[in-house]
Amino acid sequence: MMYLQIALICLGCFFFIVGTLGLLRFNDAYSRIHAITKADNLGLGLLVLGLLPSAVNAFQGIKLLLIWLLVLVASATASYLIAHYLKQQQEGDV
Amino acid sequence: MNLAFDVLLGIALLLCAAGVFYSRDLFRAVVMFIAFGLLLALVWVRLDAPDLALAEAAIGAGLTGVLMIDAVAHLSAKNAHHQGAQFDQTGARPQLWSRILPVFSAVIIFILLLGAIWWRPDAPVSLPDLVAESLPESGVEHPITAVLLNFRSYDTLLEIAVLLVAVVVAMALKPDTSEPEAGNSKDPILHGLSARLVPPMLVVGVYILWAGSYMPGGAFQGGAILAAALVFLKLAGFGIERLADSLLRIGLALGFIVFLTVATSVMIGGRPFLTYPESVAGELIFFIEAMLTFSIGLILFSLFSQAPPPVAPTSSLQGEQDER
Amino acid sequence: MSANLWFALVGAGLIALAAFTFFVQTHLLRRIFAFNIMGSGVFLIMVGMAQHLRQTDPVPQALVLTGIVVAVSATALALLIFRRFYALSAAVTLTQDNDTLGDSYEQEPRQ
Amino acid sequence: MNLIPFLLVIPLAWALISLLLPRLPIGPIALLGMLVQSLATALLWRSVQLHGAERYAIGDWMAPLGITLVADGLTVTLLAITALIAMVCAFYALFYLRSHRHEARYFWPLFWFLLASLNGIWLAGDLFNLYVGLELVTFAAVGMVILSANRQTLAAGLRYLYMALLGSIGYLLGVALLYSAYGTLDMRQLAELIEPNWTTHVAMLSISLGLLVKTAIFPFHFWLPPAHGGALAPVSALLSALVVKSSFYILARLWLDVGADVLPVITAQGFGLIGACAIFYGGFKALQQDEIKMLVAYSTVAQLGYLMLVFPLAAGTAPEHSMLAWQGGMLHVLAHALAKSAMFLSVGTLVLAVGSKKIDALAGISTRIPLSLFAFGLAGVSLMGLPPSGGFNAKWLMLQSAIGSGQWHWVVVLSLGSLLTATYIFKVFRVSFDQQAIDSGKGLVKRAPWGMELSALFLAGLAIALGFAAALPVELLSLPEVESSLMEASQ
């Protein structure tokens, strides 16, 4: 069980690193949004999954899952807003 | 391991601060500032101060960040890109002393503080022991709430007054013309999200207020979350800032009124100012806190919403409203 | 060295950095950043030093909580005045930021 | 029932009333509140005079756990002068604000918050409580400066706010260091524990710098003239008379009460030196001004310099000279508060009457609006330190202390300072008594409301009267501290 947890957490960290790399290396805002939201949401999900077995009680487990859910919703909305704003600006330029 | 983490955290904090001061444009500076606030919240956790972490995340990073973004958004492009370490737009007089003096004084400040921290004498008085001793009489179990609302409640009373004064000044600064702000972009997704997210936010705010009497949390953190929910609603295009003026005023002052009334009415029984009768101390403190949460939420929100609407800056003097 | 003391030292660094910025930056918004961060440095010193060699101390923590709230209202106030000032003058700095301020003030045209 | 908390509750309650019920006639209500407030102050004064100093533990928690309020001779004197000047300013504002409708709505809440915070500072016995008090004073004062939100006052308000916030941070840093070194925030306990070491010195340095910025002592004075010169007349009067004194009061209390043993002679002489610089610089700048309000504001910069002379005269000298300096300094606080508020009020009337801020515009008004000019003159007499006036007594005590302790250089500074003051006061008079202008019928003026002229004259008269009644406050200053019965009972 513990090895599985460690593996999950390491994988989660890997996705975070990849996502950050994408944020830094991509040269266009859309791809950056893509990199950061997708990779980070997956990474966070894996982290939560890895931590779940360590939760003391069910309540704590639910809290962990809630954190993931909230981040998902928030980052989805935020990246939508950024992309929407970018699109509007580009259309304005044309 | 822990120390290594702390050292990294501290260095990251310093780098973030440098980023705030010397990043190219102001928007970047604001983002760095918010990151600084979140890192600082982590530092508070490391310093065993979860209350401060909550407050820092909600108020220091959250609200201040929103306020700053809002302000930067209203600057014209030229001013937002105003470069860091220059002296003025005129670019004049890069004199020697004006470069050396700041470096010199910053170094002096740092050395003095270093010495003060390093050669610190051992404190002859230990307040934490006194707090722990008197905690049972305070009516709450969480020592920080006990300090804020019982042992040093006078500070808190004045602090609410400080918040109120800030709102009064904001009201005074608001232009008389109260035309409704046109076209708050009613984005369907943002609208939908906030409609679903605000109720749980309110629940969390109330929970944090309630938790404050026995664990980290309390009126200020709860109020900050309430304010965040209101700011969120406003940004999503709900027209909540158009509350009736008189209703808003009473709401703003409600916490202060209750606090002051309780503080004064105990004097009728011959007790000193701001004493809570021991049998009902816990209930009274909770009641005051609940009212304070409500008021603090409204106050912080109206500090955000009372900001002057984006007026195109007029460089000519005709824009002045001296006629009043 | 304990974590508490280390963060107090970081606080000292933040104060020095912010003080330097306050001297060299004339942009009013950057100065608001500067005193926010300077305040954070003071808070770190307050809690970090008090808790060094002692147990967790609720008193400075409560004081810092008060300080954070006062700081945010100060920031809001400064921003409000700044924005009104900006709307009227289109300036993001106060002209000639040293002890001749009083003079430059008078030279501004008035009705 | 103890009176001390009422000095805080009354202004806070009135602040709420004027904030929440703007439709009521809040001006007259404010005047009523001032009467109640003055009555409470007078009763407290009497009680302290009879029974000695009182300590009041808020919430029944003893220091260092709780916050203690202290009402000793100095405190009640300052409370009394605050109530007096605020009452006259409120009366003046009733008339003055008739032409400023928008400002009037927010003037009163800020006025009451300012009053509450000032009272809080005079009474405070706790370092952190002083910080919150200082912030409250700053916010209310800045708010009052920017009431007429035009470009000049907004710039002045911003500058004031930034410097004041910087000062607060300096103060708070010092408090943080003191707390970590001694574990207490109570000033009296700190006075017993404090000892000279690196942390204490850095803390006191930081606090001093912060408070010097807030008090606008040279070279940190630059924010004061635009703020005080640009505000509405009653606001200028309150700011110059009381607000800058609040941070000086803390500085004096901290160094001479709490840190008397750790104040190095060199620091005290350094304070005196910047005081001397302030006197001369402020005087010269006042002389150069061509706007009357700016002249008076720079005069404040100069007069604040005298306060700094208390430190070299009181620290490290023989007890009797130290006492003389202490009394002289505090008498100067009172005399300057009265004279400067009178001056700002009378100048407000003059500006309103001639419709211009320029000194030249006052040409020949000596026959048109003599009462206000007379008030200005009386206040000037006190500022110059001519007998008989409060200013004379204050300077006389300080001179005696300087001569007695053999510090001749301060004698020179004191006398030259008075000369400089006389020069810029007479500059105003030279213009207003311009015979040509009188003859040519220049200086036609609007009639000033009687209440405004009378308020200025009243305060100026008091500044002179302080010359005869100086024994009253001086006697109170040397009262021994007596514990209140409340304190003993619960110990």
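Residue numbering begins at 1 within each chain, and the chains themselves are lettered A, B, C and D in the order written.
As a convention for this text, contacts are C-beta pairs under 8 Å (C-beta built on N, C-alpha and C of every residue); 3 or more make two chains touch, one makes a residue touch a chain.
Remember, predicted model here, so these are calculated numbers, not experimental data.
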Message: Centroid from C-alpha atoms only, then distance chain B to chain D, rounded to Å. What do you get?
response: 30
Field: Centre-of-Cα separation between chain D and chain C, whole angstrom
entry: 26
Interchain centroid distance [CA atoms averaged], chain B/chain C, Å: 13
- prompt: If you average the Cα atoms of chain A and of chain D to get two centres, how far apart are those centres in Å?
  reply: 58
- prompt: Residues of chain B touching 2+ other chains?
  reply: 113, 117, 120, 123, 126-127, 131, 152, 155, 159, 162, 166, 169, 173, 317, 320-322
Message: Where in chain C do residues touch two or more of the other chains?
response: 15, 45, 49-50, 52, 59, 63, 66, 70, 73-74, 77, 81-82, 84, 88-89
Message: Using the touch definition from the top, which residues of chain A touch two or more other chains?
response: none
Query: What topology does the chain contact graph adopt: line, ring, star, complete, or other?
result: other
Query: Got a list of which chains touch which?
result: A-B, B-C, B-D, C-D
Sites on chain A touched by chain B in the complex: 73, 77, 80-81, 84
Query: Tell me, which parts of chain C touch chain B in their complex?
result: 3-10, 12-21, 23-27, 29-30, 32-34, 36-37, 40, 43-45, 47-59, 61-66, 68-77, 79-84, 86-90, 92-93, 95-97, 109, 111
Query: Which chain B residues qualify as touching chain C in the complex?
result: 2-3, 6-7, 10, 13-14, 17-18, 20-21, 26, 29, 33, 36, 40, 43-44, 46-49, 51-52, 55-56, 59-60, 63-64, 67-68, 71-72, 74-76, 79, 82, 84-89, 101-103, 105-107, 109-110, 113-114, 117, 120, 122-123, 126-128, 131, 143-144, 146-148, 152, 155-156, 159, 162-163, 166, 169-170, 173, 220, 296, 300, 303-304, 306-308, 311, 313-315, 317, 319-322
Field: Of all residues in chain B, those that touch chain A in their complex
entry: 187, 189-190, 193, 197
Query: How about chain B: which of its residues touch chain D in the complex?
result: 112-113, 115-117, 119-121, 123-127, 130-131, 134, 150-155, 158-159, 161-162, 164-166, 168-169, 171-173, 176, 249-250, 253, 256-257, 260, 263-264, 267, 270-276, 317, 320-322, 324
